[in-house]
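What follows is a set of structures for review.
Each of the next two complexes has subunit A plus one more chain, namely subunit B in the first and subunit C in the second.
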Partner chain A sequence: MTIAYSTELICFLILSAVIVSGSLAVVLLENIVYSAFLLGGVFMAVAGLYLLLNASFVAAAQILVYVGAVNVLILFAIMLVNKKEKLKPIEGLVTRKLLSGGICGGLLILLLRVSITTKWNLPGPTSIGEEATDRIGEHLFTDYLLPFELASILLLMAMIGAIVLARRDISSTEDEVKNLKNQKSLIEKKIPLLSENSLK
Partner chain B sequence: MNSGIDLEMSFTQGIQNLGLPPEIAHLLWIPLPMLLVLVSAVIGVLVTVWLERKISAAAQQRIGPEYAGALGILQPIADGLKLLVKEDIIPARADSVLFTVGPILVLVPVILSWLIVPFGQHLLISNVGIGIFLWIALSSIQPIGLLMSGYSSNNKYSLLGGLRAAAQSISYEIPLALAVLAIVMMSNSLSTVDIVEQQNTAGLLSWNIWRQPVGFIIFWICALAECERLPFDLPEAEEELVAGYQTEYAGMKFALFYLAGYINLVLSALLVSVLYLGGWGFPISIDWFASLIGLSTNNPLVQIATASIGIVMTVLKAYLLVFLAILLRWTTPRVRIDQLLDLGWKFLLPISLVNLLLTASLKLAFPMTFGG
Partner chain C sequence: MLENSIGPVPLQAYLIVAAFLFCTGVWGLINSRNAVRVLMSIELMLNAVNINLMSFSSYIDGSIIRGQVFSIFVITVAAAEAAVGLAILLSLYRNRVTIDMESFNLLKW
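And now, the complex of A and B:
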């Protein structure tokens, strides 16, 4: 066994252990902030797996998109609305947990069976390494152009939707804000004190 | 093919002569350049701290540190030692695990990014193909550490500082990446070595700053914002937030933040010099000069001269930019958070998109000057 091979094997084992235990912890931990941080760790470990497969561009993109954008935004949202309140106890929580655990276990067994019975074509195609960046760009702008554009339109729709949802309240004119007598009636009408007009 | 000095070759040869297999020799070699870069990064920070103290003193008509060494040059070491021996305090109601991991998560990506900083043709740890993209990806990890430390301190100022840091860093990453993308488009490669080589075809005139003046300004503004330097130091605005996410930190953990901030500043300055100011390029071609006095480029003497000129040029350009950043810090007021976000989203983002589009069309129109 060469040093290169054994390093790869050790790295793979560590990364897989991190991914499996991390994702279990993401689901099972009570504290939502811990879950969010661990999710970042799981994403990084997945990027490590890509690195092991010699796909450095994909690994960097994984870190940039999932850790740098998705996870930071999740954390951001959690911390902005982080109220320490006791959630109402849900009826039949034990049965629900058992049920979802059973479904997850079934899915795991199914996937295991698939991965064992499939005849994998080993060793797979050799990785193209550094050339991958060019090839990804080529594919994105030729045969995968339509899915790429559709995905960006989907993201744009999500963004506009989020903006519409978030700014629903700020449609009142300045006169409306002035006519209201006091703070309470402002709250009742759901008009923020600092509407867009009053800022200017 | 290269018969000049190859330190790696001679080192591994030397180890193998001691009777060890080549793989072990390679393993022993790997940490050496990393250690060297780590040490130079820390020394760079010490120099920057000293410069910061001296220049701020000059800007405020004081003398600045004077007693520790000549011109106070040992002052940063004294600062570091002080932080090293200070008591490490974790607040009673803080989340001790996240409180400890936070500063590490801030520092490690910054140090890892030094992997791609070239000081010469072969003077970098690793010429990875994704080069500059690696830096962008790694610097996006930092806000998680900031959010972590802000949250775990259990202090409202810390949390606000952490949130501000994350918001700022997300908003300025996009124009930064777009400015880099314009450069990458011109040099047809993400690798920092290729980017510098492409700028060294005609000396001073082929630097990217002439072809990308807008990109240069965008990159510099965004780099300052990413480093949380004034005028963008809102996450630690001391008049508003005590010290932002650093409020509860003391001793070595605080030193990690401090170190990360300055390493990031030096790194950003180095990358500006690599991307826009021709990196290790010297206005006069050294190969030409060597052939003038009749020496081969593989002559050890010429190689050493080339390497030292490369290092000196890179560091000189970077420290000019560091000087600019320090001067900006001590002469400009801080922007408000809404101004900061307005600048990022409503000004820099559209401008950088236009810059990208313009670069693309210029590349199509003049493939000779804009990299075909």
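And now, the complex of A and C:
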């Protein structure tokens, strides 16, 4: 058992080091493309933690949804809005960063104190193994049926909403569109968010 | 000494990692000026919540694993949030030609 425990400990240490350093890099790095790829690394490490917690199904869902969908979506958004722009300086930025850093550090200390000093009534980790997937299925179709159906409605609404929001409404005539040299001039026309034409 | 003291990874270790991830996400959410990075910070915070749910599910809930079901719902909501958030970001960029959070102040008083 000792070898199993020490292997678990080593895996946990590596994964948590990846999570901590990766999340700091996501927030602090200047180049946002690096941040996006490191975010994928953090998601993979979190999936590894789920595997350590005997949850193979959720780990697979995490990789599929976060790394496969959300991270790719973020990369696409970065590519679509990738304009090098000089952010104009605002006053008190350093003060704001320090202040919010202090507040977040305080929140961290509070959370650490709560999690360390609380006497958790622990039966200990349960190795449920492959049975977890069956159990999740039973939950989803018995006592969590209503949230499950609501989640499907939420996904449908999100899909339609994303299409409506991200669609480019071209209210100009076809000749105008042909004359436009590139997409830049379409952007500069400043088409409104939801024009009258989009509601027809 | 090490062989006697070693056991399964304690619950507190997972909670500490999740707390750190959450606080990093909060800091990034407040301080990022790039709108895409704000969305990334929200994803970090949701992941921290998920780690907490999963560790409690494994350590306390036994074989009922309600926490895993909850974290699946959180993953679903996070995916929907990312899709809608990035769509809003694209249409904002189309209207304002910037992704600086400081310039999105139309609803400020």
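Here, the second predicted complex is superposed on the first by the 164 of 200 C-alpha atoms of A that agree within 3 Å, B and C clash if a C-alpha of one lies under 4 Å from a C-alpha of the other, contacts with A are read in each partner's own complex, and residues count from 1 in each chain.
One rule holds in what follows: a residue touches a chain if its C-beta (ideal position, glycine included) is under 8 Å from a C-beta of that chain, and two chains touch if they have at least 3 such contacts.
Predicted model, so just to flag it, every value in this text is computed and none were measured.
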**Asked** Where does A:37 make contact in the superposed view: on subunit B (first), on subunit C (second), on both, or on neither?
**Response** first
**Request:** Using the superposition on chain A described above, determine whether A:130 touches subunit B (first), subunit C (second), both, or neither.
**Result:** first
**Request:** Check the residue A:2 against both partner chains and state whether it touches subunit B (first), subunit C (second), both, or neither.
**Result:** both
**Prompt:** After superposition on the shared chain, which partner residues are touched by A:20: those of subunit B (first), subunit C (second), both, or neither?
**Reply:** second
**Message:** Taking the superposition on A as described, I'd like to know which of subunit B and subunit C A:77 touches: first, second, both or neither.
**Reply:** second
**Complete:** Comparing subunit B and subunit C in the superposed model, the one touching more of subunit A is C
**Asked** Which partner does A:55 reach: the first (subunit B), the second (subunit C), both, or neither?
**Response** second
**Item:** Partner chain in contact with A:67 - subunit B first, subunit C second, else both or neither
**Value:** first
**Request:** Could you tell me which stretches of subunit A are touched by subunit B in one complex and by subunit C in the other?
**Result:** 2, 57, 61, 69, 73, 76, 80
**Of all residues in subunit A, those that touch subunit B in their complex** = 2-4, 33, 37, 40, 44, 56-57, 60-61, 63-64, 67-69, 71-73, 75-76, 79-80, 82, 129-130, 133
**Request:** Would you pull the subunit B residues touching subunit A in the complex into a rising list?
**Result:** 23-24, 27, 98, 128-130, 133-134, 136-138, 140-141, 143-144, 147-148, 150-151, 159, 162-163, 166-167, 170, 173, 190
**Message:** Going by the contact rule set out above, which residues of subunit A touch subunit C in the complex?
**Reply:** 2, 5-6, 8-9, 12, 16, 19-20, 23-24, 26-27, 32, 35-36, 39, 42-43, 46, 49-50, 52-55, 57-58, 61-62, 65-66, 69-70, 73-74, 76-78, 80-81, 83, 85, 87-88, 90, 96-97, 100-101, 104-105, 107-108, 111-112, 115-116, 120-126, 128, 131-132, 135-136, 139-140, 144, 147, 151, 154-155, 157-159, 161-163, 165-166, 168, 187-188, 190-193
**Asked** Can you name the residues of subunit C that touch subunit A in the complex?
**Response** 3, 6-9, 11-17, 19-28, 30-34, 36-37, 39-41, 43-44, 47, 50-51, 54-55, 57-60, 62-66, 68-69, 71-73, 75-84, 86-91, 93-95, 97-100, 102
